[in-house]
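Chain nomenclature is as follows: A, B, C, D and E, assigned in order of appearance, with residue numbering initiated at 1 for each chain independently.
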Amino acid sequence: MARYIAKRILYMIPVLLGVTLLVFFIMHLAPGNVAGMILGENATPEQIAALEHEMGLDRPLLVQYFDYLVGLLHGDLGTSYTTGDSVTNEIMARFPYTVQLTLVAAVVSILLALPLGILAAVKQNTWVDNVSMVVSLIGVSMPIFWLAVMLILLFSLKLNLFPVYGADSWKSIVLPAISLGFMNMASIARTTRSSMVETIRQDYIRTAYAKGLSRKTIIMRHAFRNGMLPTITVIGLEIGQMLGGSVLTETVFAWPGVGRLMIQSVEGRDTPMVMGCIILMTICFSFVNLIVDLLYGAVDPRVRTMYR
Amino acid sequence: MNSSARPATSEELDFLSVQKNSQFRETFLRLCQNKAAVAGMIFLVFLILLAVFADLLFDYQTTCVDLNIAERLQWPSAEHWFGTDQFGRDLLARVVHGSRVSLSIGFIAVAFGLVVGGILGAIAGFFGGAVDNVIMRLCDVFLAVPMMLMAIVIVAALGASMVNLVIALAISCVPTFARIVRSAVLSVRDMEYVEAARAIGVKTGRTIFRYILPNCMGPIIVQTTLRIAATISNTAALSFLGLGVKEPQPEWGALLSSGRDFIRDSGYLATIPGVCIMLTILALNLLGDGLRDALDPRLK
Amino acid sequence: MNLNETPYALEIEDLSVEFRTRDRTVYAVNGLDLKIRKGETLGLVGETGAGKTTTGLAILNLIQSPPGVVTHGSISVNGSCVLRIAEPEAETPEEAPVPAENAGTVKLQKETPAEKEPEKPAKAIRRKDQKPQIAEAMTEKELQAMRGKTVSMIFQDPMTSLNPVLKVERQISEVIEKHEKLSRSEALDKARQMLELVGIPGERGKEYPHQFSGGMKQRVVIAMALACNPDLLIADEPTTALDVTIQAQVLDMMKKLREQNGTSMLMITHDLGIVAEVCDCVSVIYAGRVVEHGTLEDVFDHTLHPYTKGLFNSLPNMKDRKARLQPIPGLMPDPSRLPEGCAFADRCRYATDRCFHERPEVLHRTEEHTVACHLYTPENIQKGGVLDHE
Amino acid sequence: GCGGGSSDTSDGGAAAEVDTSTLTVALTSEPDYLSTCDHDSLMGVQMNLLTYNGLMRIDMETLEPVCDLAESYTQDSDTEWTFTLKQGVKFHNGDDFTADDVVASIEYAQTFPASTTYTGAIASVEAVDPYTVKITTASPTPNLLYDLAYHYNFILPKSLIESGNDFSANPVGTGPYKLAEWNKGNTITFEAFDEYFDEARKASIPTLEFAIIPEGSTRTMSLESGEVDFVYSVASSDIERLQSTESISVTDVVSVENFFLYLNCVTTDFADENLRKAIAYGINREDIVAGALNGFGTPSYSCVSMGYAESTDENAYTYDPELAQQYLDAWGGDPSTVSLDIICSNDTKTAIATIIQAELAELGITVNIEETDDATYQAAMRTTDLTSAIVSWSPANAMTYVQRFHSDRRNQTPACLTDETMDAMVEEMNVTMDDAARSEMITDIIAYANEICPFVPIYQVNYYRAYNSALQNVVCSATGYVDFCTMSWS
Amino acid sequence: MSEPLLRVEHLKKYFKSARGMVHAVDDVSFTLEAGKTLGVVGESGCGKSTLGRTIIRLQEPTSGSVFFDGKDVSKLNRQGLWEQRRQMQMIFQDPFSSLNPRMTISQAIEEPLALYKICPDRTSRQKRVAELMDTVGLARRLYNTYPHELDGGRRQRIGIARALALNPRFIVCDEPVSALDVSIQAQILNLMQDLQKEFHLTYMFITHDLSVVYHISDEIMVMYLGQVIEKAPAEKLFANPVHPYTQALLSAIPVPSLHDRRERVLMTGELTSPIDPPAECRFSNRCRFATDHCREAEPQLLEVEPGHFVSCFLCER
């Protein structure tokens, strides 16, 4: 297992390299003059050229990229164009918030989605099934930010239960987590339902019935773990979605996370910062996927033995 | 076999007139039994008709572009069913024309993603080996970045415009489709009829297009509908971040996000496009689910 | 009801099962009668789709519902009734002719003159309702107590009947734990013993199904089915998925175990060779109905029904390689559009007009050997020689 | 904690009791730097005003320079100035403020290329004695006092400059507030500086917290819920409702920041004055204000904002389609061949351009809207490739403003209009040290500018600051700043 | 003896797998006369299908050669192979997966006709399809139906018609009847025998049903873990199986009769893994007679009596 984990982590390296390359070149596709933007409108062309030289922007792109990579290997993500601060510091200041938000959203959505999905599957074609699937369909189709604004209107302004913005108390995280997690909850619930429905039809479930086990035992012992397999994969993907969706949620709720930093940096054409955010998110996502794979192995012995 | 080569009489070829009862038709009939899916389908057809005939209903220039500051921010009324926006334009007209923009963004981006991703996935799945490895590792790179972030970066780099938006969304669709098509191809590739095709001398291209792809359509169609839904919702999200289509093009996401400024006093401005997006995504999801069930041979 | 007084481990009478899907109704079992004496093995032979598995599942009341509905009949195991359903229209089924609108689901008339009626006559509760009436049925609790303990079942495909994520020993032990009121660890011990019994080293119980080969999986399934010494074992084509050599091993083992425990068995198969090897009696089933039943000798050497005969003729002759096979022409009828008369009529060389319109009744050659065919009359059945033997 | 403890206020709204020890301000975006010389952004300056002082400061109401760290000043010649410094002033780190700090700070500022406009005129700074500084300019510089009030020239402690302090992370100055905590991306907290030298301007609210809330509707809602006491920038769609909310006050300041349509007068048809004027007369600015700004802006007809003492509307344009047509005819070209591609770098600009598009359509001129981000926009402004853009500008004084009309600005905006008469007028003004005479000259320049129409003015921004009604002494300047020192809770 | 229709020499097919080389077919040689049927039996996974596929080059052999009518098929280039396919066809095991669900019966049968331009125009192609359908006993009304509407027997007939369309001389039949019920199985077996007579076909008939293979084959080849362990004319093999594995295999057939029962030779254990097998007799770990010698070297396929080949140390001695 340890070898497998090591292999997976090693495998992340080329992927990350690919991501850096991709993002670096996409970002440099963009028109616009970074030095000019930093210096403001009063700067003279000479000043701009000087700054460009100082920042190394006048060198070939590949050279810049390799410099960046070398820095990256030393844990140095460069210097932000807009704040002049170390990108690593800036991102790390915000990273815990994003982790917190995504984790809470993920945990909440999973805790809600699993029972919902299982219930719907077990009570297939009853009103329970219909209601829970309607709820999750609505969840899937509701634009995140619309939900966010609605949540604020209802819970903060009308009911005064939760703060509108910020990241100070446990209360602050409730609304962002709901708005971020709802959509994902919905799709996790849907996957759970369909995989449970599928599992329930399997031969070994029939075998279990033939053994005289009670329905509850069968669902919990036999169907649940098998039904979880596709769900685990989907949860991994959904966490990726949440990392992406955090851009929106963090903007609406003024949550000081990486997503918001990223969109801010995109607007400010702060390439090192954008790269940093993307790399960090990618690493997170890759780790989530690693954990998902490990979990998958924990649940499914077939996978486990494959990597022994 | 032993009959000599005399021309066939019409009677002999009578059997030709027996109607084909294709699987598509059957699937369709089965789909029609699913009320939710039919509802979704009807809604989508309605939308597509709206999008196609939008010009007949509302003149684009006068209703969607020209300003009428005097009538700004009017609540829905008999005259303006959906009210008017901050420039006094009829929201209904903009929503109708917006359906064209939104749907075409969704459809074009997904179509592009489907074609490119489909070809890549089919190649990877069919040939396997090094080709497969290269394509899949590339997909890994794209998939390692959360889709939304990738779209943001691409739009930000290329500049916000409808074309770039479509490009960004299409690119972020490609790896997903490549993977799905690949796994579908893999599941079909080793079927005996593919081997049988080789045995009777069918060439590679024809094998892929006539034997493999048609039989992978199930998951692909389902994924396509769901993907269109996701794309429409991502467009809306990008519009919200200011990376969407340009004014005065009435894309739904843009309508929704520009309406959000007025959500407190003129709630309809955000709610109506929001509901439109929701209904469309809902319809696509219902249709997708219905298709999944209808295509599932076990439920026959 | 008095338990264990009946000589039968299993009695099925006039069982009808339908699968009602949206676009059609499949009449899977149509008035099927079966009896297995205690300690005996009955072979249930028939083509694909004849309703063999459905019958097996019905005994455990495990037919997937929807779409499956048991519309008629009664099933009792060891004399205790699993299920009894009365058909509302039929006032007195003994005499009532087949109602016209019911032609599709034709119910066989009851003819079991030799056997005593069970204590509770079926007509006791009979309504003029439209729906089949459940006259008597086990509660879910009783069913659970019965499944795995009194009756256990081995399913067709060993590859899919084991849960891939649970250890093999756990899968065996849970049935023991459930029925024998043992603790978890005791049950696990017993499970390992069961594995040894079917020829798998006990310590391999810690492994998962995918680490086992097909034959071993089937043995695990058998161990599971036999773990609680059931009175009745339903084996649904237990060896179809296996190679001949492995099949021989498994059958051999099953025979041994059955003999040790005195278990009655319903052996579902389509292989007459297996029947010849394992069973005491055979029932040949066609389109959901038993067309011929008898001891091995009855059926193999005094074949009565043209279908049974056809089955034998279809098999390659091991004595004469060059002999041409004589297949039964045609196909089994579509189970959703069963003909009015004998379901076999259109494939039958001997079919007369009557065969197409009237459902044949069950006739006895001996007390045990029965056949449902219009070729026979009470007279000629004893004489035999109706089918031309080559 | 922060958020004004609002999560405990159960019955909602700003009406609930407020925590008078704290003032929570919602900002749209985070300042990039808290240091003086690294930026030239409104938010950054606003923060600088809290922690630093210059020798002079701009009075927020009159927009005139007044003494701040300087006790007094004398102008010894056209190029020589002597400043007497206040005594007993302390930096946040405990250092005493002396002339050496002034010298060090100004020389420090001069090392930043971006500060040239404000420090370039200063030829030398000398400490005559600990509380006297002598500044010599290279040429007569009537703007010097304004320059000294500009954030680049704010005074930092010499010791920290020499030790290479990061003034962004550790902004030590003499200001009324000192930085308590900067929670990146989230909040910036300041605490009142007890030893502040100016009793009259000493902060009355102990803690000042800035929360970064990018979404307009979220800002408004947090004010309504009472979590925030002051919203720096109110989304225009919310102004009306906030104005009618009892517990919330909204100040409305017509700023000197004006938005105009910058036209390429070098390589396009807009080199022709008549065509520019046709456009200037063809735009209904009332509509723009109503449509794009929800009515919260002030139409602007003169090339320099109204609001400076020198402002004038002489020769200013109006909305007059007929006149516009006349100018178009005078230009003589075919309007359908004119294509006006407007670069818009944010949503408001896009909305403005949308309306311009609709209105110029009546003159037969096609408008294309090009939405870009800031970097692209800035890059475009440095070339002659663009046709036009919506640009805003808000100099602290009219003189700085009119200097913009001089052709030496061509190296920054090469496509702008150059005019010899204008150049001469500006050059003359630049060396006129007499205040009254200079004012008059500025007015003349504005009138002349309106005549040659270097660009098309559109509107002046109204700054809307919304806050809890319990806040008193809210002073908001036309240049965009808010004086947080004078604010107090009632 | 004249040149046989098919001569296979030292044919090997290995697959790479995660745990090593799968020796699916390991050094197989045999010949097959025209018009005859060679039955191939063996346990699941012993390489029967792989052998069949490799012979008609649906899979590239790892080494060895296949001479068809004197021509080395394994050396043909693409075009040559394509031409060769007219001569060599295959019928597949699973009638449910060997037909493209998206093609009607006629399309499936027409496909090879069109590809090899056998019939000049559409009408003649349609006629030929109808003829083929007649030949294999498919009603013409099924012309435009899809495979999923049909039962297994009919589908298998389509597969046969498709293989016949090119008028091949040699057909590899990979378990064509094992998915079918006995009554249908008999129909198909009869059909195949009739066709063989009518068109002078040569079959390689793969199955694991010994009674079927006995019925249809002239010669039977028993495979074990990729190797041929015994090959003999059908009667000879059944009358006198030499290899212990063959003996066990034959005794394991359940006989559908109450009278002539055989003595069971029960085998223990199961097929071992074909991955990198050691150089020993591959059956040795299950063999009742295995000696140390068996575990040290691989036996060779030897002709113990005319036409009867066995690979076992027992008869070498």
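What we mean here is this: contacts are C-beta pairs under 8 Å (C-beta built on N, C-alpha and C of every residue); 3 or more make two chains touch, one makes a residue touch a chain.
Molecules present, by chain and UniProt name: A, B = ABC transporter permease; C = ABC transporter ATP-binding protein; E = Dipeptide ABC transporter ATP-binding protein.
The shown structure was predicted, so the numbers you read here are calculated from the model rather than taken from an experiment.
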Shortest walk length in steps over touching chains, chain C through to chain D: 2
Farthest chain (mean CA position) relative to chain E: D
Distance from chain E to chain D - Cα centre to Cα centre, in angstrom: 88
Separation of mean Cα positions, chain E and chain B (ABC transporter permease) [Å, integer]: 47
Centre-of-Cα separation between chain C and chain A (ABC transporter permease), whole angstrom: 54
Distance between chain centroids, defined by C-alpha means - chain C, chain E (Å): 35
Junction residues of chain D, two or more chains touched: 217, 372-373, 376
Overlap residues in chain A (ABC transporter permease), where contacts from two or more other chains coincide: 30-31, 149, 153, 251, 266-267, 269
Residues of chain B (ABC transporter permease) touching at least two other chains: 156, 159, 242, 260, 263-264
Touching residues (chain side chain B (ABC transporter permease), partner chain D) in the complex: 65-67, 69, 72, 86-88, 156, 159-161, 242, 246-248, 258, 260-265
Touch list for chain C against partner chain E, complex: 47-48, 213-216, 243-249, 251-252, 270-277, 296-297, 300-301, 310-319, 321, 324-329, 331
Complex contact set, residues of chain E against chain B (ABC transporter permease): 53, 56, 58, 82, 85-86, 89-90, 92-94, 97-104, 111-112, 115-116, 123-124, 126-127, 130-132, 134-135, 140-141, 143-146, 148-149, 159, 162-163, 165-166, 198
Residues of chain B (ABC transporter permease) that touch chain A (ABC transporter permease) when the two form their complex: 137-138, 140-142, 144-149, 152-154, 156-159, 229, 233, 236-237, 240-242, 253, 256-257, 260, 263-264, 270, 274, 277-282, 285-286, 292, 298
Contact footprint of chain C on chain E as seen in their complex: 43-44, 151-153, 181-187, 189-190, 193, 208-212, 214-216, 234-235, 238, 248-249, 251-258, 260, 264, 266-268, 270-271
